[in-house]
Amino acid sequence: MLKFTKKISQKAGSAPGTLVHIGERKTDKPRITILDYDDVQLHEKQLERIEEAFPFKDSPTTTWLNIDGIHDVELIEKIGANFNIHSLILEDIVNTGQRPKTDDFETYNYFVLKMLYLDEQNDEVRSEQVSLVLGNNFLISFQEAEGDVFTLVRDRIRKGKRRIRKNGCDYLAYALIDAVIDHYFVILESIGATIESLEEELLDEPAQVTMQSIHELKRELIYMRKQVWPLREMINTVIRGELSLVHEQTIVFFKDVYDHTIQIVDTIESYRDVLSGMLDLYLSTISNRMNEVMKVLTIIATIFIPITFVAGIYGMNFKYMPELEWQWGYLAVWSIIVGIALLMIVFFRRKKWL
Amino acid sequence: MLKFTKKISQKAGSAPGTLVHIGERKTDKPRITILDYDDVQLHEKQLERIEEAFPFKDSPTTTWLNIDGIHDVELIEKIGANFNIHSLILEDIVNTGQRPKTDDFETYNYFVLKMLYLDEQNDEVRSEQVSLVLGNNFLISFQEAEGDVFTLVRDRIRKGKRRIRKNGCDYLAYALIDAVIDHYFVILESIGATIESLEEELLDEPAQVTMQSIHELKRELIYMRKQVWPLREMINTVIRGELSLVHEQTIVFFKDVYDHTIQIVDTIESYRDVLSGMLDLYLSTISNRMNEVMKVLTIIATIFIPITFVAGIYGMNFKYMPELEWQWGYLAVWSIIVGIALLMIVFFRRKKWL
Amino acid sequence: MLKFTKKISQKAGSAPGTLVHIGERKTDKPRITILDYDDVQLHEKQLERIEEAFPFKDSPTTTWLNIDGIHDVELIEKIGANFNIHSLILEDIVNTGQRPKTDDFETYNYFVLKMLYLDEQNDEVRSEQVSLVLGNNFLISFQEAEGDVFTLVRDRIRKGKRRIRKNGCDYLAYALIDAVIDHYFVILESIGATIESLEEELLDEPAQVTMQSIHELKRELIYMRKQVWPLREMINTVIRGELSLVHEQTIVFFKDVYDHTIQIVDTIESYRDVLSGMLDLYLSTISNRMNEVMKVLTIIATIFIPITFVAGIYGMNFKYMPELEWQWGYLAVWSIIVGIALLMIVFFRRKKWL
Amino acid sequence: MLKFTKKISQKAGSAPGTLVHIGERKTDKPRITILDYDDVQLHEKQLERIEEAFPFKDSPTTTWLNIDGIHDVELIEKIGANFNIHSLILEDIVNTGQRPKTDDFETYNYFVLKMLYLDEQNDEVRSEQVSLVLGNNFLISFQEAEGDVFTLVRDRIRKGKRRIRKNGCDYLAYALIDAVIDHYFVILESIGATIESLEEELLDEPAQVTMQSIHELKRELIYMRKQVWPLREMINTVIRGELSLVHEQTIVFFKDVYDHTIQIVDTIESYRDVLSGMLDLYLSTISNRMNEVMKVLTIIATIFIPITFVAGIYGMNFKYMPELEWQWGYLAVWSIIVGIALLMIVFFRRKKWL
Amino acid sequence: MLKFTKKISQKAGSAPGTLVHIGERKTDKPRITILDYDDVQLHEKQLERIEEAFPFKDSPTTTWLNIDGIHDVELIEKIGANFNIHSLILEDIVNTGQRPKTDDFETYNYFVLKMLYLDEQNDEVRSEQVSLVLGNNFLISFQEAEGDVFTLVRDRIRKGKRRIRKNGCDYLAYALIDAVIDHYFVILESIGATIESLEEELLDEPAQVTMQSIHELKRELIYMRKQVWPLREMINTVIRGELSLVHEQTIVFFKDVYDHTIQIVDTIESYRDVLSGMLDLYLSTISNRMNEVMKVLTIIATIFIPITFVAGIYGMNFKYMPELEWQWGYLAVWSIIVGIALLMIVFFRRKKWL
């Protein structure tokens, strides 16, 4: 099956709010980490049981609860019950086929977006769903597997004295979304590099392999665009101030993220245009080569076929063929042959084939 | 005739509100079932005559009246008269060429949409029209034939203690529409699987059959998009709260449906892009093969045509051909022939044809 | 000249409101018929002189004045003067190059649209301009020639006791516009049938004729879309209630017409997509055939050219050719020939050409 | 250089409001004519010096000042100073690379649009910039050269007793703009005629010339669309009543012009679609011809190459070739040859190549 | 790597507002120049240390501070601190991968756009980021390297008595933006000239080089469009009066700039259309040539292959070949040969190949 849809059909017809994990199981046991901080203090801990996290819910400090692995439906349900999350949102968290979007509820905001990374082995862009539940003084992030894009954010928090420590949960949400989207540029740059090397290859010696590579790149870009396009709308919702828990001073940072998403969309479109151009170039190169092949064949054939005929004539065994007896017959035939060949060459020169 | 239009021309010029069944007759006798329930009780019955259903109309419980088969115009008229349905709506119910849409009337809301299913025999996507008339405490659903997408909803109602039993008719309408749309994913996944197997086939050995399959898939997607596209607008109307009988707490569920329709539209577009890419790949593969064929011909021909000419020369029967008398003539000719052949091979190597 | 423009240039530079008939003269003498009715009575008459119609103008009954033939500029001017129609509207009535549109004047509304019909002889879609001037209790319709789409409406009026007799002029206008647009489906179905038969032909044996047919169908669809597209906008204006003389209870019927126009536009677009797909299929079929032709040539040529060379060698007349004297020479040559042929066949099998 | 841009670069970096004539100098000395009229009187004069025109500025009659030739920067500056025209507008008047637009200033409105005409010699669409400065009771028109589109308007004024004499300057502005746009239809009709003749040529005997003609037509349409597209927006601004000096009763006439511009845009798009279709048809025709050529070659070659080989065999000079001695050898060979030929013919018939 | 993205990935994950120079280092040491002027006086100076500029900040005169070279992060930070510029803006200044945009802050407005210039050596369009920080009576401009587009503006200031000296900083901002955008026309004209010469080359003798040139031009246009498209939006923001520091009387000049950006976008689109047309023309030319080549081969081959076969027949060495003994045999064979050749020629004439 193509990776453009998830096996959503598994739950077709089931009641809404039924939690069914859809997607690959990317980790064995969910890993729960908590990071509780404010301007002056910082607690970091890896939890064994989710219940340990619940006391932090109403603490005035900023609490970041990170869940790596979303296939443990029971765990998600516990979190949902404790943090009062709507069952449809819980369903979205475990169903990895979501389109990036944001939802505003009274006591929390929900963000879902895609982390893209390059699967080096298959040379494919893959996506992982990231869900953020932003509460008043907590933020819960759900990832399919332990990723490293969030590590840098974690480091910035740990280092302290940074802006991130002074700002609340909405700024943390911004920081995480920004980290995810910044990572798209890494992928775009890798694709850009591949396109460039393909282009060189194409001009050097176009082979069928190149064509398949172009096709695969195109598919990657179609896939990527499908993931990135709705992001614009999502971030735009934030900028328009439609989310109750994202404060004015954080929105200016989301504008920065918005600029990035537009740049990404622009670049994807430009790449698609460049690839289309490469395809045209490829096809015309193939046509040209064919033309060249045909010319060689035609030139050789049209020169030799007539003169071979002449030779054939004097290879006949008729009793009465006066030319055969002539003393200069052989020479005459050679003159005829050379004459025909020259004529043909002149003809081809006129046609600019030679 | 193509399946993109129904035989609407049959009734061109007739008065509006004239009930003429347009479409195939997919069932013999309409089957009428009723499901009347609330939080605590549940009545289920298959009716012989439609009149049995009328008493339920004003009962406070939720009444779901399902009609399988819409060619019995008289039956539809009776329902229309009893439930006060506008004649234009009745016309839409029996005319299966409708575009998905929703209409708001004071005492009821009308929904019409398409159920898509795979016709396994012809490997084609087919559609069946589903109409819903949502009243204050009743919902009438009209199908062309008995389908199985609604069975799961029926089961959820029967099982009781579920959300569906606690919510009213608008939630039931949501549940049915959701069931229909969820089923689209099944079809998309099947199409996705076909595309993938075609893609492999294409890379392995492209044959004309593949091309026709791509073409057919494209047509299916065109057909599907024509059915799905207006759905967005329809669900959007519901979300904007333009329907008087869909309550606030149900609208949040329709948002979920809306996300699904957008995902479906996105996926259809992505598939179309992928298929276009496959077409390009196919054409370039064909060109490449032709090129290869031509090269083989050209190499063989350009090597052998000149040397055959040489042999032809010395097959002539002139009396005075001094070379024929030379002792090493035959050997010399062989050297010439081998020389020419080598020259040609060098030439082709230079051109990178060998 | 292409049928996409009318000879509008004839009147370039003349003053606005100058009545110049633009279009073919499709009838000799304009035919004027009047139909005056209300709930209980009905008068129908064919008029000799337009002046006979003027008394009906202010009668409380619904008056339908139908003019077949619009080249009689004097007649149009008389009507314009008596019914107070703006000179620009009169100009639009006689100039058959109008885009479908609607205009709101205080005492009347103007509609202009295109009736499409199939010219069976040339297998072409042709259009005829229909103008409607809707007054308070009269409706004047202008056609280029006597058409039969309006006959069905006329019959409904004659039969009495129908909704059409109870409703006013705006409902009559709706009925006429609906009749015109319903007729588009007839054409679409005919085009759909043609596309399907072309598709079968294409899979059976693609010939150049098919290609031209695809091209012609495409042109018909371009033409049709040009006529239908502005209809959406026109009907939409009516639905938004921007026309002063179309009452609320009639607008619901126009919504039905709107659905039809959208369906028509959708179908046209789908047909265009299908035709584009057929074109691609056609081109790839041609390429495939060429490929096959080339393969046959290449296989035959590459097998026989080398062995013909071998035969040529031993047709040479050198005095000293030891092989010729060998007893098994002839047999040896045959072995060589068969060997070469087998080698070639193996080579082609490897390449999967055989 | 392509005609899509003017040599605007000449003035890159200069201060705004610097008057530099950009465009070809199409006339030697600007020709200044004045037409001053109202309902009853009419003065017409060709001026030697622009100063003669200034007294008319404040007369209550309608004054039409026409300037043919805009390269005389000094003249334009004088007019600008006397009529209080903003320096940016003066810059636009002399710079012929403007996009059609309209500007509203307190005491005057500015219109700039393109007059298109066919350059018969080069068979090209060319454009000339027309600027209108509409004051309260004067209108100044600037043309690059003396054109004949305005002559008809001038005649209507001269004839008197027409609507144009009773209406003010805004009506005159309308009349001039209408005259310019009506002329577009002349060009469209000419292009339509060319397309049709090309289409016939294409079906008769497609040659490379046709292809180049299609390409040139496409370029003309691209050029024309670039000029016409912004017109819609410009006229729309007028219709929305955004210009202070265009009165309500004149706006209804501009609506008529708006309809025309939309028709023009529609027709251009339709033509482009038709041309694209022709291109596809052309390419498929070429492919078909190639296919046919290849078939002829293949049939001839595959029949004769094998039988030539047979003849070659028995042209060998081996001492021991038993067949050569047989009495019926020669006949047998002929049978073999005929057999092979028949076999090939049957094969080709099977493949439907014959 | 393609030039469509900058190495933004370098700073993925770092905190917002972290200044990291992204882009090539185009100059060694930033060059700081200051131009302080009002209606009557003018000071111009090249600064060694940025601190010298700070006193000008609050002077009532217009101060233009120009920085050539943005890799010196420390310098940028100093400016930011002194002029109270938001850290996200500072980040945008040093990160050269920005999309053109404008931002409104209370005490200053920020503009970022791209200066395009032709890299003559590689025949490529290159871009340089220009940032403007517009304060109440100062304007700071940041360039990647010393460019010459601003020189003309500087000259206009120096000359005095010009409008630029009388207007404030917002007019200066306009003048700089106008200078940058006017320069785009220079590039468009150069591209237009290249397209035209390519077009001529294409009609004269299409070679693969032409095709690559078309491809490269297309890429340049894709790149340029990516830079220019967001400009429209940016200038539009200014026109709508959303920037607090751009005054009403300056906005009219920005309207002029807006017209230019639309013209540029239009021209880019037209060029893309023309290039697509050229590509089609090129491909059809190639096809035509191939066709011609094939025809020559086919004609020669189909004439000579059969007659060579005839000659081959009578080159056989059968003992009993009666024709060989006939006195007129040889002549008869010639007649047959000529007959076959004539037949073939007639056949080709019928097919219009000759």
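Going in written order, the chains are labelled A, B, C, D and E, and every chain counts its residues from 1.
By definition in this document, contacts are C-beta pairs under 8 Å (C-beta built on N, C-alpha and C of every residue); 3 or more make two chains touch, one makes a residue touch a chain.
Fair warning: this is a prediction, and the values are worked out from it, not measured in the lab.
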item	value
Any chain in contact with chain C as well as chain E	D
Computed distance of Cα centres, chain D from chain B, in Å	41
Rounded Å distance between chain C and chain D, as computed from the means of their C-alpha atoms	26
Numbers and ranges of chain E residues touching at least 2 other chains	283, 287, 290, 294, 297, 301, 305, 308, 312, 315-317, 321
Pairwise touch network: line, ring, star, complete, or other	ring
Chain D - residues contacting chain E, complex	1-2, 4-5, 7-9, 11-17, 86, 88, 97-99, 101, 205, 208, 211-212, 215, 218-219, 222-223, 226, 229-230, 279, 282-283, 286-287, 289-290, 292-294, 296-297, 300-301, 304-305, 307-308, 311-312, 314-317, 321, 323-330, 333
Residues on chain C engaged by chain B in the complex (per definition of touch)	149, 152-153, 156, 162-164, 175, 178-179, 182-183, 185-186, 188-189, 192-193, 195-196, 203, 252-253, 256, 259, 262-263, 266-267, 270-271, 273-274, 277-278, 280-281, 283-285, 287-288, 290-291, 294-295, 297-298, 301-302, 305-306, 308-309, 312-313, 315-321, 351-353
